[in-house]
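So that we are looking at the same thing, I have put the structure below in structure tokens.
In order of appearance the chains are A, B, C, D and E, and numbering begins at 1 in each one.
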């Protein structure tokens, strides 16, 4: 069977692959949305932190023989801790200022991180093997699905929805949302907002690092692996609208799918399709798909 | 000795309080004392430092020095978020309703700090508007509804020392009247209240004592009993 | 006579970006080695100095730097120049200032075609030699049906076009191609399309991180080893970073392999001792080109560009890098290239033991024939 | 020309099924100071937002100065001569007081897009600006950066800036909110002064101000008009007293 | 406050005069190509600052205008064969049109969203430039002749080229200065301070923002077109988002919202880049990143801003 001249088996496999990519977009845009939503900072270092997650996993494996499963916890914790440090020492001083400064600071940090890793590990990147447990693949009939890719989708969805639940459905989430609007008042109500914010940034950063570890076995672990991805993720966040956590997740997954389809029907356009969608969405709904005007 | 079981009769004592916003020195040595169950007001012209006094107690100013004792304990070095644990409830001048939370979420947000707070039913009974609009996003409430919500928010937590900044502002007379009843009731329940008010008609019958501020200093202390003879002077200094 | 009694060599390379592994500080080291070796061998009566700079892969930075070097610092030759945009920009400046551009790093063929000039030497390799070598050899060895995975910009497209022609000319068939954005990190969609085509060979008409990611993911999706990959522009640095597991049995063409013979091993060992990595062909070529240049300066007794170029063109190049290498009128240095196949992990006996050398492609065949050149300097 | 400068017909605004304003017929006479009062949440601010086009109405018509303006853009309505003030003070904090007023005056010059002209070309407005500042008693502050002025003065400045547009009609949302009595009387005087030759619609909770200033009063409750009339009429209306004042004497509601 | 403002206004003409004289003699003391680069990026940064510093709009896609104008100018001069001044005008107009398009889409949002939208739009431009054959893709658009100005003055001479660049810079700078201190600039300031209030006074704020955006884009384009003539090439770097980041760095480092800051910032960054290229190798980006961080954390006012603050403090005393 064919759809627009494309065999349906190929189409099915492309959709699946799109979903896998969408999982990365979803985790990363979720992290960005949380950080933006709660700290009012565009975390330009997000891509670099994603890269650092992958590198921590790689270093842990090659230098210390730490396996993938441990790295899946260790890398987010390490990079998240670095995030906490950054928040405590730098970002904290910027909340009262225009957003611009947070953006610029994290832009500078991204340059530093990428530069340091490039200097240490070179540009061509390192290989991280697929963990043994997830090696191989299954034949789905229409495609050969590497088990690891399946795992990416499951892990990403679990983390995304867990995060969503935590923020939208718990008291902690209410504190977080209120804390972004008027931290002083929330403090006056008896909540330790600075700690909350530090934790939030650390968590957002840890999400990026988690995505990095997930990515390590499929992409080359490379100092610049995050820097191009992140621009697309920014576009995803704009399309989704910064207002909602669920919006970030769904938009991420959705755009992964759309991008996957573009790669079949018009591969040349797959790099810009996200941006084109962004323009259209903005024309129709300036606040983004899920954003509040 | 103070303990949780035998609370200090002196709920709030401020001595030589100085406050700063950045470079500007706003409060120049405030001294005041409020006993348990008392209601006092801070009077003064716009910009005389009344709101700043309340904010200083909570640590919401740039820098402060001096002494602030709550229930017998020195708190000047405590971070803001710890203050609520001492049973302080604050209704700020700008209301500070959270846009991303619904009215009810706003209401439920502050953690309970002590027993004896009002129940939701009591609160909705007092402010029926809020019941009707409880699922509306906080900032979509009308100006007055936000004011009610800010007040209701602290009543639920069980805080016993209330710092109220112009709570009647923008409220219809009918609600102002109701608020007056609420405050009277709170006093009966042994709440301690520090109010900043422009609406003198509202404040005068409620307060045990009035502090008059000018340029960040207390220039007069007027017990309720002396109020009638001081009215002329107040008129002059405050234009009341 | 030598201006200022000094020959100054500028190494303008990518010290921090995408190409810093295959050129970068290794190229600076190679230059220094060439200068030291030359001084030891020829005891010249002129001084030799080296300056180096990072062009950050930006053509305008490169052209400013080159201009400044030529105009103010008396630099006689700008060398290395990885990244084609940088190379083209510096060539123009060199021509204007009558200095020499020695290019070891850049890949594109316009350097010796439309954009050629008489002060430039394209030394180590170019896309034609890599793509042709690989495409021809692989097709001849039975890889008859091809599918291309092409980076969607001028460079990838011309790589695909050149290789397709070679495949067809050698009796193969191109079943199709897919254009992927540049840069991309996820290739699974494109690889699935390549897989669906059923071609024996998937030609990778891309470079750098795109190539390595595509190779890695091909293994992941079980595409290799059922179908084989052919890297049309790959370096030993790529193989090194990917590891043999994902690259095994791939074919690629290179201008230099450290483990080719005793001479290459000897030089590479010296290099390795300092850099802790084996040299890429760019770094080896850089050494060779600088040494050749210095020898020509000595022989000509001047550092004037025209005379030195004449000397360089007339002298065959013989060192560990090239046997009877020769610089043509279009600026192309031609020398033997090698078709290699990546070893299986179990075949690799020691560090950096990566290649089986399958075939030596003679200089005359390896590069675009002069007759096809679009360089105006070539008289037909 | 109709005797009413502003008329609404069946003006309605619903938020997700909640009718904040329903079927309001409001008529403001030329030259009047008209007050809109009502309990909190009655829909006064929403009416203001509808009139100034900050919100689109769900239903109903708005006529200003004889023209239907229901579907105009906010800036267009403002240019017609209906200008509002905000419930919170609205000035340009880092411009001087003089510059603030000039922003208002500048529109008349028609050079607001002229990026090639010198700002000296705006000096022709200085006399007018000074005159306006004088009318609100702010001359001595002319060169002060607005942020540094006391609150009450900012309100005065805001009114001066609005006057610069020479509006036919001004909408004031709680102009005395947050003011001490001294400032209140100053602003009341000011409003009275500027009301000459123009119409004013204001929302105000301070009934002494309303009693003092207003020619006519409309009382809103739950989005609908409960009563309309002069202060005396309205203050005797028992349903108003019940819904708004909560006692049987309107004077109780004076501050 | 006011007093010091007038101190500045009084100093300004002298300062400008002095800088102008320095500009006139500079090519005899300093390497002209280097100066030209500073002037091009200086103009670029000044144009950017018009938008950020005076209209409060952070565009993170300004490289698109620089680059587009560069390519258009290059094509006009090299492939169509027009004289350089036509090339400059063509590039500027192209950037202005692109700015109009970006503006229409982006000014619907403010703040951070605006930044992200401009970034994404610029990224689209990048992909187009990369893929279209006429631009030379990765190889860059090379070999643009400088030609003869008005068909008369040979620009291959570095000194004459310098004076052209200097003239272009002065014109661009004057336009910016004038825009800031114009009736239009006043309204822009008002909008930045309190947008709803500006609307309620009857100003259609989006039109003002759009206008500011177009002016800024056109001037960024003018800088890009000039740059193409100077270096005789346009390359992907010009449209890459790193360039958009760099111009923010220049502006911030020099002093956001100060009239001379961006020029100072551009000069500093360009010099650093040139110097660092030889000395620190792969640490260039790390150092650039470090400067960003230090600027944001410690010198938010930038070089010129800090100096002004110093003078102001001295003036108060």
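Here, a contact is a pair of C-beta atoms (placed from the backbone, for glycine too) under 8 Å apart; a residue touches a chain by one contact, two chains touch by 3 or more.
Chains and their UniProt names: A, E = Branched-chain amino acid ABC transporter permease; B, D = ABC transporter ATP-binding protein.
None of the values given here were measured: they were computed from a predicted structure.
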Contact distance in steps, from chain B to chain D: 1
Chain whose mean Cα position lies farthest from chain B: C
Label of the chain whose CA centroid is most distant from the centroid of chain D: C
Whole-Å separation of chain centres (CA-atom averages), chain A against chain D: 48
Where chain A and chain E are represented by their mean Cα positions, the distance between them in whole Å: 32
Mean-CA-position distance for chain C and chain A (Å): 36
Gap in Å, rounded to a whole number, between the CA centres of chain B and chain A: 44
Where chain A touches two or more other chains at once, by residue number: 115, 118-119, 268, 271-272
Contacts with two or more other chains, residues of chain E listed in rising order: 127, 131, 282-285
Touching chain combinations (by label order): A-B, A-C, A-E, B-D, C-E, D-E
Chain A - residues contacting chain B, complex: 174-175, 177-178, 180-182, 184-193
Chain A-touching residues of chain C, taken from the complex the two chains share: 16-22, 152, 178-186, 188-190, 192-193, 196, 208-209, 212-213, 216-217, 220-222, 237-238, 240-243, 245-246
Residues on chain D engaged by chain B in the complex (per definition of touch): 15, 18, 37-46, 87, 150-152, 174, 177-183, 185, 205, 207, 243-247, 252-255
Interface residues, chain C side, partner chain E - complex: 15-16, 20, 24-25, 51-61, 63-65, 67-68, 71-72, 83-85, 88-89, 92, 108, 110, 115, 152-155, 181-182
Sites on chain B touched by chain D in the complex: 45-47, 93, 129, 133, 136, 140-145, 147-148, 166, 169-178, 198-202, 238-240
